[in-house]
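Pasting in a structure now, in structure tokens, and then I'll have a few things to ask.
In order of appearance the chains are A, B, C and D, and numbering begins at 1 in each one.
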Amino acid sequence: MKSFASDNYAPVHPLVFEQISEINQDHVKAYGADDVTLNAIELIRITLQDSKCEVNFVFNGTGANITGLQTVMDSWNSVICASTAHINVDEGGAPERLLGVKLLDIPTKDGKLTPELIAPLWIRMGDPHTSQPNVVSITQSTEMGTVYTPSEIKALADIAHKNNSYLHMDGARISNAAASLGVSIADLTSKAGVDIFSFGGTKNGLMGAEAVVLFKPELAKKYPWIRKSSMQLASKHRYLAAQFISLLTNDLWKQNASNANEMAKLLRSKIENNSKVKITQLTQSNAVFAILDPQHTIELQKKHNFYVWNDNTGEVRLMCSWDTTIEDVENFAADINSVCK
Amino acid sequence: MKSFASDNYAPVHPLVFEQISEINQDHVKAYGADDVTLNAIELIRITLQDSKCEVNFVFNGTGANITGLQTVMDSWNSVICASTAHINVDEGGAPERLLGVKLLDIPTKDGKLTPELIAPLWIRMGDPHTSQPNVVSITQSTEMGTVYTPSEIKALADIAHKNNSYLHMDGARISNAAASLGVSIADLTSKAGVDIFSFGGTKNGLMGAEAVVLFKPELAKKYPWIRKSSMQLASKHRYLAAQFISLLTNDLWKQNASNANEMAKLLRSKIENNSKVKITQLTQSNAVFAILDPQHTIELQKKHNFYVWNDNTGEVRLMCSWDTTIEDVENFAADINSVCK
Amino acid sequence: MKSFASDNYAPVHPLVFEQISEINQDHVKAYGADDVTLNAIELIRITLQDSKCEVNFVFNGTGANITGLQTVMDSWNSVICASTAHINVDEGGAPERLLGVKLLDIPTKDGKLTPELIAPLWIRMGDPHTSQPNVVSITQSTEMGTVYTPSEIKALADIAHKNNSYLHMDGARISNAAASLGVSIADLTSKAGVDIFSFGGTKNGLMGAEAVVLFKPELAKKYPWIRKSSMQLASKHRYLAAQFISLLTNDLWKQNASNANEMAKLLRSKIENNSKVKITQLTQSNAVFAILDPQHTIELQKKHNFYVWNDNTGEVRLMCSWDTTIEDVENFAADINSVCK
Amino acid sequence: MKSFASDNYAPVHPLVFEQISEINQDHVKAYGADDVTLNAIELIRITLQDSKCEVNFVFNGTGANITGLQTVMDSWNSVICASTAHINVDEGGAPERLLGVKLLDIPTKDGKLTPELIAPLWIRMGDPHTSQPNVVSITQSTEMGTVYTPSEIKALADIAHKNNSYLHMDGARISNAAASLGVSIADLTSKAGVDIFSFGGTKNGLMGAEAVVLFKPELAKKYPWIRKSSMQLASKHRYLAAQFISLLTNDLWKQNASNANEMAKLLRSKIENNSKVKITQLTQSNAVFAILDPQHTIELQKKHNFYVWNDNTGEVRLMCSWDTTIEDVENFAADINSVCK
């Protein structure tokens, strides 16, 4: 039975397997000096409509975020982010441990930063007694299932740049956002002023691969050392790169993300009229957030896998994947409606 | 002219000089293996009414806080503290850089934590994906000039201990708090459940010396390595220790702190009825917080030295020292009342 | 054409692919809470003949070494290792950066530590002014292609334990050592006194997976936080674990390693009588080390891929893989003998 | 009785006390924004004959070395130093912990690096798999009591600069070296190509103060944050700065150092003809190194304080201070000659 717990509970898409299998021959140079890697980089540059951006592959999302951020941060810098940001609450304190930086986390209603929310954070600039903000980090789509429009991103890039800071995007679910908005990934990144981009693949059908994209090539100068000393440099590197080739071939990224998004919408539509189910967020990507009676949650979890997001409020997260089917949703929704009454 | 900017603008009390001068003879062992240091430790143990606590001297307040916290923290731990805490906003990000930990900072009205405020912070315990709170850190007196009573401290110690966490006290101005409350320093520390204590001296008339007190001796096992590798081990160690001897002889700590406190009260009394001066905090130690018209602040700063605490609200901090005199206060108050009208 | 540059230039063994493909179905819990992972752990415990050891999977060899070492090291500790150790010269300074520790590296003739070489290193124990050695780290097989016998390992474990230190084994090529010696992997680890073991898979036909084995279970208490905050926790974790299942099924590990070892022996036999080829090390695993005339090296590298190991001496490393064939070796040896004369 | 253990066992010179006492009045700005500090900086610039160099005061020698080195090092860099260097064996692993860097330590006979010794260290430059040397660090006078001549320093600066690296000088005993050579401190630093200089004071009669001098002002850009987040920024800063004023007034530095040096020479002259005392190093500053029979050492240590430098060889270090007298030396030498026979 399909889980609604997380998109990383899902298996690998068959086309990804095919791609890896296809390049599984011959000896090639290790550590990224191979043609598969070059091809994957080229595909990403085309996708991002930026022929100059620097692209590097890493193992996982935390690795992408941390090594990307390290290109611009000293330990006395700070990152402005939403309180719900993955870097703030789900990376085991890696930013503090590995970068030594402070996170200035801002409470939000929907997981989204706005220029108004962040403007007051650039204070005491030049004062060595306090951490100096120099990065704004946003997640697209957010941890709350919402999305930033291109113009919202641009506005954040503008205020960051005006304050001599960088805009970082944790794109663990960038495909879901682009598919949801009907725009290209370039529209949400290179064209919107993003400086550092964690291009997520694992949550969208890959086995395990993420890319760090640096849109200002000068940021890449130290990246090889950052990645290696961060233990994020794969020796048999082609197997990471190949996954991205499959993701960006024939719009597999869009097909996978669209399915997950549509299943989330379907799920929402089937439970939102239930008065015992209080939807709490817009359903703009592949997750539905809702408050359930904790007793109902316990009952449902006997049969279905999903996470309680907030123990205090009873809010749960119901997440769809590239392989979630209409039948999966209908079964789950039926059980929800049967239990929550 | 006396400054009202900070108690560390003040000079060293003459008795401290005398003490240092007195021990300035002969060769003695470096790094703390000397009799002056032993005597200072003994005096601190007597003061704190705990003959077993471990006492170590360091150069400055940040050094005391960071090395003390390191005795109990791994990089995946977090510290619960007030947003205004010195460790959060005035140590250049040292906790994040040197300990790798996260600070869970809580907005407060008066710089004081309460059990109610902090209880919700111990969540997701046991989950390696998120930082694990294991220290509650309070400042006594607080950065806002307020104080915790012994029973308030005990309540915080209780909730910390119940959650397998430690209570850390940044006592940069502990003397001001004890003098203000009319209690002993022991009442605020060893007897109130504090586990790790930064015993401040510099802001109360010393030249530069702080002590780290570990009330659970088992925490001290790694301390010598922590201090040395943190660059906080003085070679000519007796000159740090001697300062504490003077501070704890004939209650110099109380005499100095009481004067600073009284001068703050006097200052407040002379300006609080001025309708253009909006006092914002209780005056429980040696600082007066008030909102002034920014134009008035600019005018006053031409002649007097003091800090704007909050650029957005116009709040200023007016701080008295061990050597502030009635005449200093009267002159300053007169100028305030003359400008703010 | 096969490369003789590194065993990580080789592709993934087909049986590994089959195994991954077989488990690529259904939703399973992420981050290691799945049955594939449980099965892989069980297989490793059986292989190591230790039903209690703690097993965790990570992405790469540096990740295994660093997170394993972190279980026992404070920043003021040091690791005793050979100068040629991978942790000393090929991990981008990760031990210093991520653990903050010092490496006490010892020059050796053959990449192997001995009790005599390391005994003098435990000095100034208890002195906070200097790093305190508490780990001996050996590589099996070594970076020089040599191997430790079980009794040599035991002797190092004994001296380490006698000095309150741990024995760490970087087993990136453990299979080659076991196959070469005709012993089990257990003989070289659990039965020989190893405390912390990096069980390598990537260099022996896997796609990218290593396991950290902690033979003293108490060392595992903090491991989940160490791994997560080190960015070494895979979300789709089953794909790492499955690789180890294939490695340990039907002795694939031995089959792969034996072939690589035999091809190295064959290569050596075909060039060692060439007077222009000066073999420099015993060929006990899958690498041949030899000094060539630099001009010959340049000529050979036009057609073949291999590394110069030491620019000063002209020493080269010729490395065989699980898929190296007799024909590959014969062709390469013929070219060597044709050029080097 | 005077100790021959270390120059940091000695008390503070009376003129230093006088200077501190003289500036102990009035409120002045904290953290270095005061006139005493400005005056001290000016005096140092004059002493170093470099009006542009950046000068910052810190608490201790480790603080000076580490914060100075941090201005040019990333965690993947390495420092080339002598095995006996203070940063290598006496700073509790602070370089590794706080900078994350590797130390490439080179065995020497006399504590001195030479171009020949260090030239082979710049290898694999540009390779992210290995630490990249970018600093050569020398100690003047060395930990073995020897000194570098200006031309020896220049030669090391030249090879460092040729390799895009910096020359760092740990000048904990720079005064002893300058006094011994009969040259100025400028001759050994600014004029000899030193880039980063730890100007030592504590071991030469101060209470506790060191200065970090950056001869390339661009290195200073990040220094305020480095110092603050390293816990090396003194609040009552004038008391550090004042010590340097006394050191550099009327050549107190030279007077103190010369006495210590002469007493070491005197001590040597009185024991070097004793056949049971094997002098091991040139006596070019304030220490005499000699091998004694361990039984003699034990006997002597009943009455005199000095360190065994090498437990394996029985080598001891006999160190003189600014306040060592001829009588002290004669008494000690008499006892040595009486015991060692």
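Assume a contact is a pair of C-beta atoms (placed from the backbone, for glycine too) under 8 Å apart; a residue touches a chain by one contact, two chains touch by 3 or more.
Treat the numbers as computed from the prediction; the structure is a model and nothing was measured.
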| item | value |
| --- | --- |
| Higher-contact pair (C-beta pairs counted), A-D versus B-D | B-D |
| Reference interface C-D: repeating pair among B-C, A-B or A-C with over half of contacts shared | A-B |
| Mean-CA-position distance for subunit D and subunit B (Å) | 34 |
| Whole-Å gap between the CA centroids of subunit A and subunit D | 51 |
| Interface hub residues of subunit A, defined as touching at least two other chains | 75-76, 91-93, 97-98, 100, 128-129, 225, 228-229, 233 |
| Chain-level touch network, classified as line, ring, star, complete or other | complete |
| Touching residues (chain side subunit C, partner subunit D) in the complex | 75-78, 89-93, 96-98, 100-103, 120, 123, 128-131, 311-312 |
| Parts of subunit A lying in touch with subunit C, wherever the complex brings them together | 1-3, 5-6, 8-12, 17, 20-21, 24-30, 59-63, 66, 91-94, 97-98, 202-203, 207-208, 225, 228-236, 239-240, 305, 321 |
| Subunit B partner contacts - residues on subunit C that touch it in the complex | 31, 74-76, 128-129, 132, 222, 224-229, 233 |
